[in-house]
């Protein structure tokens, strides 16, 4: 693998990030650049509003690496996109929740029947909602879905246009604190809502060492984040334009860090895929295990 | 006969090139599906009845919004074109509103109209309003003043003056506005149908984008192109009918 | 010895200027009900401007127009004007152009007047397909069908050949003598003026320099000797003007005797 | 003096109404901030220099796209307006492309142009192209054939014929197209700047939308409105300058 | 006894019809280099159409036009036409309208010709602000400045008063006699035709029914008796036609003697 080690050829790794999650912390800390420089690599950070366009760009070859929530890669896989899972984050199910208004008559999950529920289609909330409804013996056909992005849903939620809202942190925290929202159920025991780190197959094949470094660095900033909640709160609330109090709540109930990409995790992801297949949201069955890229084992293979 | 085919020459050539291009594997079909794949996607959606349903609901939203926005734009253009005071009062405001992107407005639209059909129709109406307004206004401003004078001299005023002189004089420009707004109508719909929709071509397209179904994406693009051609054909028919006195439109095929 | 007639129109010190230049300069004129006035004058002397003022399409810069004693403000609703440039609506067929502005069904009437101007075979054409003279005749037909109480004709026959012209003149005269509306005809053809008008008004450099009653009986014949001598007299006035009127005011003109046609009384600007 | 103020009457009334509305608490200020809140957001963004930076980069993208798209649209309109063959060949294709929403095109644009500046400029150019095309085409089609004949008779052909007769005759309509495309330019930018941006007004607006910073959303809406008014003022100045021969534009203030 | 002159223009069986109706019906005419032809005829008889054919703005439905022996296809680059409806560019000031299409700087020349038509004081006006006759004179100035080898004038003086008209006629004659271009003048004023033209062609119902050479010396005086009698003769022809030509072919016309002006040789359609 001489390409990536040669120092005279200037190369870049293009990383797609969103305004929340570990990658923006990594970008702000600037440690990745330092690690990659000796290898002749510079980093190009590209910001996106949402997960799907990151995958779109990965697929089109405009990006090398990126992070999304748990659902978007399944759709990408179903579309035949050639991306690989390289790492998985710790669960953050505390911050994902089904919200209702404080004084809402909805008290149990069963009460959701027939109600209008806002959530972003194809997002982790979609999966969470399916699981929550299932727990109450209901299905998606028992409620009225309102597909809305978090910002739009917030307006609709406060205006009472939707009865419940399924969303993730920091939106959950902000709604709890500034919009008098009540958590009907969190993701606990329903969905893990992990971060997924993906790379294009081509890049992973050619530059496994770079991927490895990126993942190490993600772990490093995660450790930092866990130790410095105040600084992190400050950093994210400026970046997102969200209340410090809300941000604090969100930061405090989340643990950053990566977990091993083992069979259990793959099975968890496969379950999401199968759920979406059963809902007819993807046209064919996908096999998550096929697209796993194991950083550590790679050196042994070669 | 040959004249009927020529306009389709470039689209057909593109289609053939594209098929070759993809089938020879210059780009992966994951990235850009071949026309035949798109065809099969269309057939599939047609068989399940989804396509018809999407087109149908979009058509409904489009026409409702078009009628409302077109009417308002036309009336505004009319008044501002005819009356200085109304121009003074309203033109600045309309010109300011004109530039506000629908996408940026969505939070406010949800605030005002909620997430139901009203919000979507409002957005379409808003999008359609401005081209109709601008071209009506311009059309009326450029009606030959001499003819208006003549009409007034011959006892026309108010509505008859408008019907016999101002409107026919502004018509060719109004038609350009309508033609343009028919396009804007579809474009707006894709935005409008991201608000809590479960149906419509816009929903289909954006949904396909989220789920990276390139064949459906391309299919919806083609659908838009066809709808574009369709509304263009209608506008041309109207032109041929209403502007047959105009030497430049006489032989338009 | 003037017969007292009702004065239909009165110009009182009428002035009009387009920013730097004065076009009409303190005109005074009385027009009786049912009178036929012809206005002649050099190109650009303000004939069309005068008609536009009378129609209420322009506002005077000074003085006023009195319509049956009341000052005219805004559009003159009694008047009907045939414009110098025709102004047919390109989007209406000939027949619809003629019946423009008439209330009710006037198809037959419109067809009749089109027949009178010799264009019934063109009634379903677009104006763009007519010849110059045909367009003018359509505009004339439109003006004649409207039966206003004041008809303003701005060079209505300028594009017509001698024969058609004479036909149209008799048509105008016939309709006028039947309906007795007040008529103002701008023309550059002095013979036309003399054969149609009760009075010929000569406009020059913004002033009325001559105001010549035509005492001939109707129907007038062009081969009459008096006819020819009046035409010649007026022509002479026009031809002389550029030299004569320069530097000379209207006052000096006033006393000028009418040599050429002694049998005709000339009243100057009244 | 008073004439200069009247056009702003309605915007100012709206502003006052809105302030009262929000300060009286009819809607929560989290959902619709008061104008004063928006003002403070603006001041804040100005002080950090963010606002200037966003506006600046958007302006750059807008003008690059506008110039490219406007030029192509104008030339296409020109050729299709002037030559029957070119009209036959291209008009159908342009009319088909016209109706494809930018949002639906994004996947393809990313394929073709990647996610850099080119993609954004391409989208703006595409958006601007069609209004300019349509109005140029219409303007040229409606130039008085008699004047063109006259020009040819007096020895004009090719470029001089175009410069002296066709272009001035089509100008008022072309200006309407430009005016409209200036609006479309901003509208497209908001879509273009959702493709992996960290700057631009569109980014600012969409970002605020995602994170429901209502004050920034409203600020960006106001910004669009002002930009709209600005481009309108420019278009009017051009009109006054270039159409001063036209009786209808003579007294436009 | 004909002097052999180079034939500049030749109409051979020229036909033109607008869909159902034939406007021009197998015209034959020869026009020599430098000749001044006047065309008279009733409104709508096809005079403008004939000029448009000669200018190459319309294509014949049958027959052909030969320009120095070669058939004319497409625009006639040698010709310059003044249109019946003026056709000034509203977006150019008067001076720029006049110098339209001239290569190089012709400002002074344009000012000079504007002075000749009496409009130098309007040179910086927009056309919309001119009177009818002023517009026509600007159009005339534009046609005269171009020095074509074939000048087509379609009722160039229709909107002018008698005096200005005579001035413009002498201007046209002066420029023509100096530059010797071939000229075709459509007019409805027979006096004008006779005072300017070498030959007067009478068009009626799509055919050339008279082709009358005017043997008067230049400069021509209107008070000459021959002048008047030729004018009268032509007028008579025109006035008679509607009755005379009905049902009668051209052949029957051919032998008709020229009673009124015996001293003038009449060659019929050649």
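Labels A, B, C, D and E are assigned to the chains in the order they are written; within every chain, residues are numbered from 1.
The criterion applied here is as follows: a contact is a pair of C-beta atoms (placed from the backbone, for glycine too) under 8 Å apart; a residue touches a chain by one contact, two chains touch by 3 or more.
Chain by chain, the UniProt names read as follows: B, D = Aliphatic sulfonate ABC transporter permease SsuC; C, E = ABC transporter ATP-binding protein.
Keep in mind the model is a prediction, meaning the values are calculated, not measured.
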Remark   = Overlap of the chain A and chain B neighbour lists contains D
Between chain C and chain A, distance of the C-alpha-averaged centres to the nearest whole Å = 87
Remark   = Cα centroid separation, chain A vs chain E, in Å, comes to 86
Ask   = chain C to chain D: how many Å between their CA centres?
value = 52
Query = What is the distance in Å between the mean C-alpha positions of chain A and chain D?
reply = 36
Key: In chain A, residues with contacts to at least two other chains   = 56, 60, 149, 151-152, 155, 159
Query = Which residues does chain B have that touch at least 2 chains other than itself?
reply = 31, 106-107, 111, 209, 212, 214, 246-247
Task = Pull out every residue in chain C that's touching 2 or more other chains.
result = 85
Note = Pairwise, the chains that touch are A-B, A-D, B-C, B-D, C-E, D-E
Message = For the complex, give me every residue of chain B touching chain A.
response = 30-31, 106-107, 110-111, 114-115, 194-198, 207, 209-214
In the complex, chain C residues that touch chain E = 18, 40-44, 47-49, 84-85, 129-134, 136-137, 154-155, 158-165, 188-190, 235, 238-239, 241-242
Task = Can you check the complex and tell me which residues of chain E touch chain D?
result = 55, 57, 75, 77, 79-81, 83, 85, 87, 89-92, 100-101, 126-128, 142, 146
For the chain A and chain B complex, residues of the former touching the latter = 52, 55-56, 59-60, 72, 75-76, 78-82, 118, 121-122, 145-149, 151-152, 155-156, 159, 161-162, 281-283
Inquiry  = For a test of understanding, state which residues of chain D touch chain E in their complex under the given definition.
reply    = 146-147, 149-156, 160, 164-165, 168-169, 171, 243, 245-247
